[in-house]
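The two complexes that follow have subunit A in common; it is paired with subunit B in the first and with subunit C in the second.
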Partner chain A sequence: MGFTKYWESAKISFNNNLMYKADFLANSLFIGLIIFIFTNLWKVVYSTESGIIEGFTINMMIWYFLLTESIVTSPGKVIETFGEEVQSGEIAHQLNKPYNYVLFKYSSNISETILRFFFTFSIGAIIALTFVGGIIVDWKTLPFIAIVIFLALTLHFCIMALLGVFVFWMEDAKALSFLYNKLVFVIGGMILPLEIFPPWLAKISAVLPFSYVAYHPAKLFVMFSWDSFFKVALTEIAWIVVTIGLIAIFYNFFIKKLSINGG
Partner chain B sequence: MATRQNLELFKEYIKVNISMALEYRFSFVVQTITMVLNDLVWILFWWIFFSRFEIINGWTMQHMIMLYALLTFSYGTGSVFFGNKSHLSSIISEGRLDFYLSLPKNILFHTLISRSNWFGLGDIIFGLTMAGIVLSIKQWPLFLLLSIISATILIAFAILAHSLAFFFGEASETARSLNMGITTLASYPYNIFGGAVKVIMLTILPAGFITGIPVELLYDFNLIGLLSTLGFAILFLTISVLVFYKGLRKYESGSMITTRI
Partner chain C sequence: MKAIIIKNLTKEFKAKQKEAGVKGSIKSLFKTNYKHISAVNNISFEVEKGETVGFIGPNGAGKSTTIKMMTGILFPSTGEIKVLDYNPQKQRKKLAYNIGTVFGQKPQLWYHLPAIDTFNLFAKIYDLNQREYRKRLNRLIKVFEVEEFLKQPVRKLSLGQRMRCEMIASLLHNPKVLFLDEPTIGMDIIAKKRIRELIKILNEKEGVTVILTSHDLEDVEQVCKRLIIINKGTIVYDGSTKEIRNRHLKYKVVQVILNNKVSSLGLGLKGVKTVFKGKFRHVIEVDTSKYSIQQVVKKIVSKHDVEDINILDPPIEEVISRIYKE
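Up next is the complex of A and B:
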């Protein structure tokens, strides 16, 4: 009973987003362009190397990048949405409703995110197949990879929601969003697998939550092992629990300080 | 005479926009620092990349710093002084051009300059810092000239993309994606592309003229390269202005009453 409203909110958001196919397509085509650029970049790099770089063939490198890019870009502008609602005063209406504000945001966001993920991944896959070809994936492992991706998308949302809660205090969402995205791009291993990093930086990045959004799930996709699956899934769950705890603490703290003007 | 009036208007808008930015000092400082950090992260990425691979088709880390100096400085200049270049399509589709149409000023110029995006200041600071790291004193005049050319092409491309709103009604998302696309293309080593892609990058998506050719000119100057880049920028700007005014004939007023405070 308690969760029905969140399930309904997810369904409404999913259907709403199906209406905006053009927006989805524009976004997915942009991701397609980036994958095309990276395909060119890696082709040049691989032409001077021995065919395998740090365990990755060119196909693995491109499909790795396709997956990280699809995960990281799919949730859309979560932090900005928090910011807009705080700045416009819409938050006052939202907080009055009989639901948990953050959980409601998650339920409406996750359905949109999954839809966007499939759009982006499909368009990127066409480009990857056209320019470099496919990779060998054991079909039996796909449900487990899907679990890790779902957890990565949830962790990604949780970190953005945590930063979004800080907008109640900072009132500048764009800055936080910029910085978080760039952290995931680089430190999270979205653009380059951590194996390319200098060892000291790779070690730091590997334990931070950002790499559980991008690097670890994508590496599991191109180099599956059961050991890695359990390690990645459990660590993702642990980080999700930690961020939810932090959201609860800071949400209760900032909500008391939130000043709502006008009427 | 008209040029002097436009310059006066430009000066006045700069003053107004600076005082507006200083009104929200905290946000202004946060935005500037954020953009510097944002640009710095890209340099970190390329540093990691070139630490491992050192040279890509003749390009090194130094080329990339030069590229980012040019791109961020020219993009930042465009954003600070012609801030409405990113909002033109919504201004058109929401009927907000009425305000500019009713005044005896150059419509396109007035629309573009009437807003500043202060995230751009971070780009300007970052671009100048990077240029300071890699350029010799002798290279600075050429760098500044090439930055003006790059900024002109970026602004012209934004005008073209946002003018789609005249013909299709709503084009904000398309224009945003096109502008992100060209900036993204311009932020990678130009010579990783070949064949048809290079042709596209020197014509309809002129990212090659924004960073690729200018970086190569800074390393290995030749007059023909400079003149063709300059010529392309002038031609591209002319086309974008013509398309804007052609589209303006299709413009429908929203009859919206607004107050500008």
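Up next is the complex of A and C:
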């Protein structure tokens, strides 16, 4: 019986988000526009190169970017949500229920995330197919890529939830959210694959959790190998376990510092 | 049997301070000043099972902070809390199965979905047996008369309708203690009356212990036999609601708006004090132990052309200052 409440939370959040179809579509179309701009940018870059940059063809580069963008933007503004709930005092209703607060947030967020990922990736895929074409993917590997993407989305949530827990104490989420976003953008490999970085930076970035949110899953999608699959999936799981441990420690610490606004 | 035991409870907050203007903003970049705010200051009280207790005080008195500590959401700086023999901070989840909360200003229903969806979610959250849940839900739907708008999105409901649904959401798991934090805020008189009646039914028929906060004295008077008045974090009164009525609420405030300019109402009644004299608007205080409100209103209407009349209890701040004066 213990987990049905989390499943139910995922379902109700999914239903609630279906009410925002126009929002979803607008958000995905905007990301589609970014993908379109990057497609043209890469076309210019590739026209001066031999057709391959650090092992990536233009098609691989575009599909890589489509996947990183879809993963990173799909969960929405998790850290800000923690901040808003603390600032508005709404957290009072979330904390007085018999469930694990962070797990409950995860279950409602993940269903929304999957919905948004589906929208964004589909629109981006249409743009990529129209302007540069597809890439060669072995269809049998897709379920395994899906596992890695799911783990990446979970890790992405866990890191944001960890920073969100700090909001109990700091109250303002903007600084943390800005910092994390920029880390994922750059050293997480969202904009560019790590191969393009100076080797020392690429080496450091490749072991940090941010690259397991964006770079590693996207690279696996465009250059699948079983070795990489196992390595990426297991490392993602390891980082998820580490962040859950840190969430538990800091949650217990910062919950005592929480002051609820209003009333 | 005690439902709640509070001993020497204190809650202090650290609030950031910043001087006004650009200079203050630049200064705050380098040095943050904090001010210690004592929201609740060494309070103690006990509540018996099945009691209805009104917890009132002006804004910022510490009512909501105390409720949030009793429900395990906030941690006290010092002191001891037991609710149904649970320590709310250490046994928050276990306690949550046994208490219900309604925060008037913070909705818990999903805004874009019908209330029934939130009820179904709460049934899972509280691990309710489906058959028992259906039975209880049907009973609550009847008592609270919400059937006709149960399937409408919450955003389409009136404040009174929404609050009735909020109360059902907090009662589905059959809580032993119900915390109601400003449940009637922003409501019209009819909706307020309905909510008060429902709270009384819950207490009388189900034996639910009710803790009600409000800054509306009338709310509390209608529902609670016992009253705790809190001001600046300390308890200034803990006793029967009747006693407060007899000692401090023996007068009413009457606000009259006239159609003609008059310098004074000129009622010539002893025990009727003029509080405000305007051209059209006049406010008087009526000692109800000397004159009934009916007598005074009759006299006003017979002497003047009245556009509007309002009869109010004195504000809570006034009652507190009278208690201090004693």
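Quick notes on this structure:
Operating definition for what follows: the second predicted complex is superposed on the first by the 260 of 263 C-alpha atoms of A that agree within 3 Å, B and C clash if a C-alpha of one lies under 4 Å from a C-alpha of the other, contacts with A are read in each partner's own complex, and residues count from 1 in each chain.
One rule holds in what follows: contacts are C-beta pairs under 8 Å (C-beta built on N, C-alpha and C of every residue); 3 or more make two chains touch, one makes a residue touch a chain.
Since we're looking at a predicted model, the values are computed, not measured.
Look at A:Leu183: by the touch rule set out above, it reaches subunit B but stays clear of subunit C. Legend: residue contacts after superposition of the two complexes on their common chain; A:Glu8 is shown touching subunit C, with no touch to subunit B. When the two complexes are overlaid on their common chain A, residue A:Ile255 makes contact with subunit C while staying clear of subunit B. By the document's definition of touching, of the two partners only subunit B reaches A:Asn40; subunit C does not. With both structures placed on the common chain, the touch criterion links A:Lys140 to neither subunit B nor subunit C.
Once chain A of one complex is fitted onto chain A of the other, the partner contacts of A:Leu29 are limited to subunit B, with no touch recorded for subunit C. In the superposition on chain A, no subunit A position is in contact with subunit B in one complex as well as with subunit C in the other.
Contact residues on subunit A toward subunit B in their complex (touch as defined above): 22-23, 26-27, 29-30, 33-34, 37, 40-41, 43-45, 48, 170-172, 174-175, 178-179, 182-183, 185-186, 191-192, 196-198, 201. Interface of subunit A with subunit C (complex): residues 1-2, 4-5, 7-9, 12, 15-16, 19-20, 88-93, 95-99, 255-256, 258-260, 262-263.
Interface residues of subunit C facing subunit A in the complex, by the touch rule stated above, are 13, 63-65, 68, 71-75, 92-94, 96-97, 99, 101, 103, 105-108, 110, 112-113, 117-118, 120-121, 124-127, 181-182. Looking at the complex, you find that subunit B touches subunit A at residues 27, 30-31, 33-35, 37-38, 41-42, 44-45, 48-49, 51-53, 56-57, 119, 173-174, 176-177, 180-181, 184-185, 188-189, 192-193, 197.
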